[in-house]
Amino acid sequence: MKPMRLATLRTLGVAVLATAMAAPALAQQQPAQQNAATMDAIKSRGTLSCGVNTGLAGFAQPDSQGRWTGFDVDYCRAVAVALFNDASKVRYVPLTAQNRFTALQSGEIDMMARNTTMTLSRDTSLGLDFPAINFYDGQGFMVKASLGLKSAKELNGATICVQPGTTTEQNLTDWARSNSIQFTPVVIERVEEVVGAYTSGRCDAYTTDVSGLAATRSAQPNPGEHQILPEVISKEPLGPAVRHGDQRWADLVRWTHNALLAAEELGITSKNVEQVAASDSRPEAQRLLGKTGGLGEMLGVDNAWAVRVIKAVGNYGEMFDRHLKPLGIQRGPNALWTQGGLQYAPPFR
Amino acid sequence: MSDTAADPRLLRAPPKRGIRLSWADERLRAIVWQVLVLGVVGGIVWWLVRNTQHNLEVRRIATGWDFLSREAGLPIAEYVIPYTPASTYARALLVGVLNTLKVAVVGIILATIIGTLLGIARLSKNWLLSRIAGAYIELIRDVPLLLQLLFWYTLLQALPSPRQALHPVEGVFLSNRGLRLPWIEWQDAHSFALLGLVLGAVITFFYARSARAKQMADGQPRKIWPAALGLIIGLPVLIWLGFGAPFTGDIPALRGFNFAGGMAVTPEYFALLLGLVTYTAAFIAEIVRAGIQAVAKGQWEAAEALGLPRGLIMRKIVLPQALRVIVPPMTSQYLNLTKNSSLAVAIGYQDIVSIANTTLNQTGQAIEGITIIMVVYLTISLSISLFMNWYNARIALVER
Amino acid sequence: MAEITAEATTPRDVPESPAEPRRPPMLAVGPVAWMRANLFSSWISTAVTLALAYLIIRWAIGFVDWAFVNAIWSVPVTEQGAQTQACRALDHAGACWAVITEKHRFILFGTYPYEEHWRPALCILLFIGLYIVSAMRRFWRPALGLIWLGTLVVIGGLMWGGVLGLPYVPQERWGGLVITLILSTFGIALAFPLSILVALGRRSRMPAIKMLCVVYVELIRGVPLISLLFMASVMFPLFLPEGVNFDKLLRAQVAIILFAAAYLAEVVRGGLQALPKGQYEAAEALGLSFWQKTGFIILPQALRLVIPPLVNTFIGMFKDTSLVLIIGIFDLLTAGKTAIIEPAWQGFGVEVYITVALIYFVFCFAMSRYSQSLEAELNRHRVR
């Protein structure tokens, strides 16, 4: 190598050193968000980052114009309305089963509404919090009606389609072992692929949450050709999740869900909410809609938050009817407690 | 210092001059540069590791390899070694590695055969055949493999259900559950016969080599095939007869939901194999074509002048010479095929990526999961490279 | 060597050799003679020709029936969504192109705001323009780098918005073909300088630097792209300090850049090795410093040599970006698959796959043809 000009070398050396030292500095410029309240971070950013499914009919899917719609998506919108009075201030981050927890842990998203089952280990060792259960589900089986099965116990020797990396997969093996059933799995990650495998007859049965089965069934050209077996082999409480450790933020998500339930219970809909707010004299409705009690301020938003949320997305029942009913999903355990279901909002007071 | 001492070029520098503390000194500059670069890279790595440790701690993510001995609980459809969901993660991962090897090895063999045929077809004097081969190669190479895999898988699912399975020959069933072939009930005798076959092949190989050496010495051609036939076919048959010639057919039959018995090829495996083979064969065809074209035209003409038939010219004169051009790029195609087999995850064939992926998802141990995937592929890639380099050196030696 | 470099080193179709210098007698030319020579030269050849012709004609008739004669091009869309009964009634006897009619904008632009679709559309045109400009030899000069920089900045501005009155669109909403183009083009553009450094490092006489570069290149090329994408998707967030996080698309982009750089480095190294040694020695004899020698003498010549394999690497990259499907980024293929999740459209995968494949094919085929002609041209130059 021939002598290099001193100046060139020095410049280069300085540049390399500067870059090396600047890299960590640049990256650390943003103060650690976890210490500051999530809600303040979201407010200063101006948008809510919400993790959703990459595509699950009824819960989260982009329509032909690329707008995200679905039951879970409405939860993102509801929280955004509570914060900003603008349902469009949401950044939807589509997540696979693999990267959903990392995305939440790392702060890439603020909340996750991605039909995620609440379990003890997820609540504790994954550093998550499940503020609410917005959908009570359970795992079931769907088979072709032509097989003439009466019970899932008759599935011995069958080929069963299942998505990997979910609680579904583990429930299936647990159930098969305890009932000494032999089965051949077909394990496919993407939902459209696994449904395709079932409908084409690659599998005898398809197992996932009953809501998913109902949605798949109703989407078939002839829903009558498929039957959902009566056994429900697991509990799948699905709900929005947030990072562990920021209670104020978890509170807002929790009470947004509760407000949607309370609204249904009180008969408040997106159509009549303003009228009710103006005229209804029931104390609970008054408190929910922020006429009295100052409940919104306790949550860190203004008192009329519930009015805005209900006006934007409707009450729980409306959301259900809009996204899930067309898919043939019944209210079942998700009916209000007054109608024999499990959905129950604690008092607004 | 020790770094630079290893460089023979620097050792050859003027012998008795110490390093001067000046930019003009080449060795000093080299040292400074290397220390600088290593320092920067080391610093970045250290910073990343520190962050990772901190994050793992804060997020209470488990680390370590304890999970390997825990019960996996994940269902696997295809396995070469015994496996149940009650087996450990370590075993599940091993099943994944074997599944990857299963598709890679079969894929490499088939892709080589089909690719070579295609490459020759591309050079065919028949205009239609050569054009079709050309169109096939161009079409396959310009569409992403992932898309092709999804397409094949969708297509395979359109086959009839087991009850209406296609049934071309007695005992063979083709349905959307895959292909079922008749097989024999495996017994010890068969294993020994297989061993005999391998032994026969090895002995034949050495016999042929010595025969060729003798031919080189005295110019007399020797017949190898009678001995080869006896060794490769006779020996295993003798062993099998010696064990009392056990033979029980294992014919697939429709039982319950699906076929039972026989040998099964699942649609997932089949689609992956089909996709990998058709894709890689298109690349191999071009390599083979270029290799054959690289053989000087005079070689053809000389051989034709000797009156050799076309097939013999190809086999004995052109291909051995073309191989030298073909082998290095072929190695990379083999590596590609192996790495591309990781796309199995998209169509539900449970290779190492699919199983490690599920493992990391269930245990939350992303670092360990991805490390496993990388180590496995690095090992396989390295083994293929080493083998092909050895083979390359071998065929290069033939040139005198 | 692997994946893309292998494609790079694989010679594409070389045009047939020039016609024979002496023309045969008139009776031996013309279509009949041509057919006899090229299709029916022997009985085997005749059999092959007939068999292939039969298969092709049968297949073509079936395909035309399916794709055109029996196809349905649009279905009514009502309040309840698309009414696809007509398509279902076909029962795969014909294609249901209505799914493309209805979803083409989603497949091309993903979840980008509907009213702003002209922006990604313009970006796609800009990308194509950029490719065409780069393909013209008259622009092969350092200014090309500036053109690239300028265009990529304009594309960034268009996609993000927030300037000149364009509303801001966050990356999560980008999707479709433009993502495929962004990932591959930015991937190559940013990997290129890195790859030159790595290639130079690999040929360096400093053992530590050489070792570092060798380890980097071999490590990346020894593992599949999927594992790098997984790493970017689930491991990368762990590497950064708390509270710092990059967008998923950016992480995938970083993985693709690192991946492409390793392959490009081998391509560039090929070019460096192909240069005659005299060039190096002459430059050193002139007393040029290392960077002067590299920047003014070696690289301009070496890079010219590697343009055809570079284009082939780009084709490989372009196809490989489809792997982001596995980590849930909405590129062309993912958008196509997501379009058929909606219950009304489930089961029309083949139509969507064919459309998406066609888009990939058009891009790759154009580039591969270009690379072939370029290779032939450069070879001719070398022969002269």
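Worth a mention:
When the chains are written out, they are named A, B and C in that same order, and each has its own residue count from 1.
Just so we're on the same page, a residue touches a chain if its C-beta (ideal position, glycine included) is under 8 Å from a C-beta of that chain, and two chains touch if they have at least 3 such contacts.
Just so it is clear, the structure is predicted and the values come from calculations on it, not from any experiment.
With centres taken as mean CA coordinates, the chain nearest to the overall protein centre is C.
Averaging C-alpha coordinates per chain and comparing to subunit C, the farthest chain turns out to be A.
A separation of 35 Å divides the Cα centre of subunit A from that of subunit C. A straight line joining the Cα centres of subunit A and subunit B is 41 Å long.
Separation between the centroids of subunit B and subunit C, computed from CA atoms only, is 25 Å. Counting only residues that touch two or more partner chains, subunit B has 30, 37, 55, 58, 61, 150, 154, 158, 345-346, 357, 360, 366. Subunit A has residues 1, 3-4, 98, 102, 105-106, 189-190, 196 in contact with two or more other chains. The residues of subunit C that reach two or more other chains are 205, 230, 234, 237-238, 240-242, 326, 337, 349, listed in rising order. Within the complex, the subunit C residues that touch subunit A are 80, 88, 102-103, 105-106, 109-114, 170, 172-173, 175, 205, 230, 233-234, 237-238, 240-245, 247-248, 284, 287-291, 293, 326-328, 330, 334, 337-344, 346-347, 349. Subunit A makes touch with subunit B in their complex at residues 1, 3-4, 6, 9, 13, 16-17, 19-20, 23-24, 97-98, 101-102, 105-106, 124-127, 156-159, 162, 164-165, 169-170, 172-174, 176-177, 183-190, 193-194, 196-197, 200-202, 204.
Residues 3-4, 6-7, 9-10, 30, 33-34, 37-38, 41, 48, 51-52, 54-56, 58, 61, 125-129, 132, 134, 138-139, 141-148, 150-151, 154-155, 158, 283, 286-287, 290, 293, 328-329, 331-333, 335-336, 339-340, 342-343, 345-346, 353, 357, 360, 366-367, 370, 373-374, 377-378, 381-382 of subunit B are the ones touching subunit C in the complex. Residue ranges on subunit A touching subunit C, taken from their complex, read 1-5, 8, 27-28, 30-35, 47, 49, 54-57, 61-68, 91-96, 98-99, 102-103, 105-108, 189-192, 195-196, 199, 215, 218-219, 221, 326-327.
Within the complex, the subunit C residues that touch subunit B are 1-3, 5-7, 9-14, 38-39, 41, 45, 48-49, 52-53, 56, 92, 205-209, 212, 219, 221-227, 230-231, 234-235, 237-242, 315, 319-320, 322-323, 325-326, 333, 337, 349-350, 353, 356-357, 360-361, 364-365, 368.
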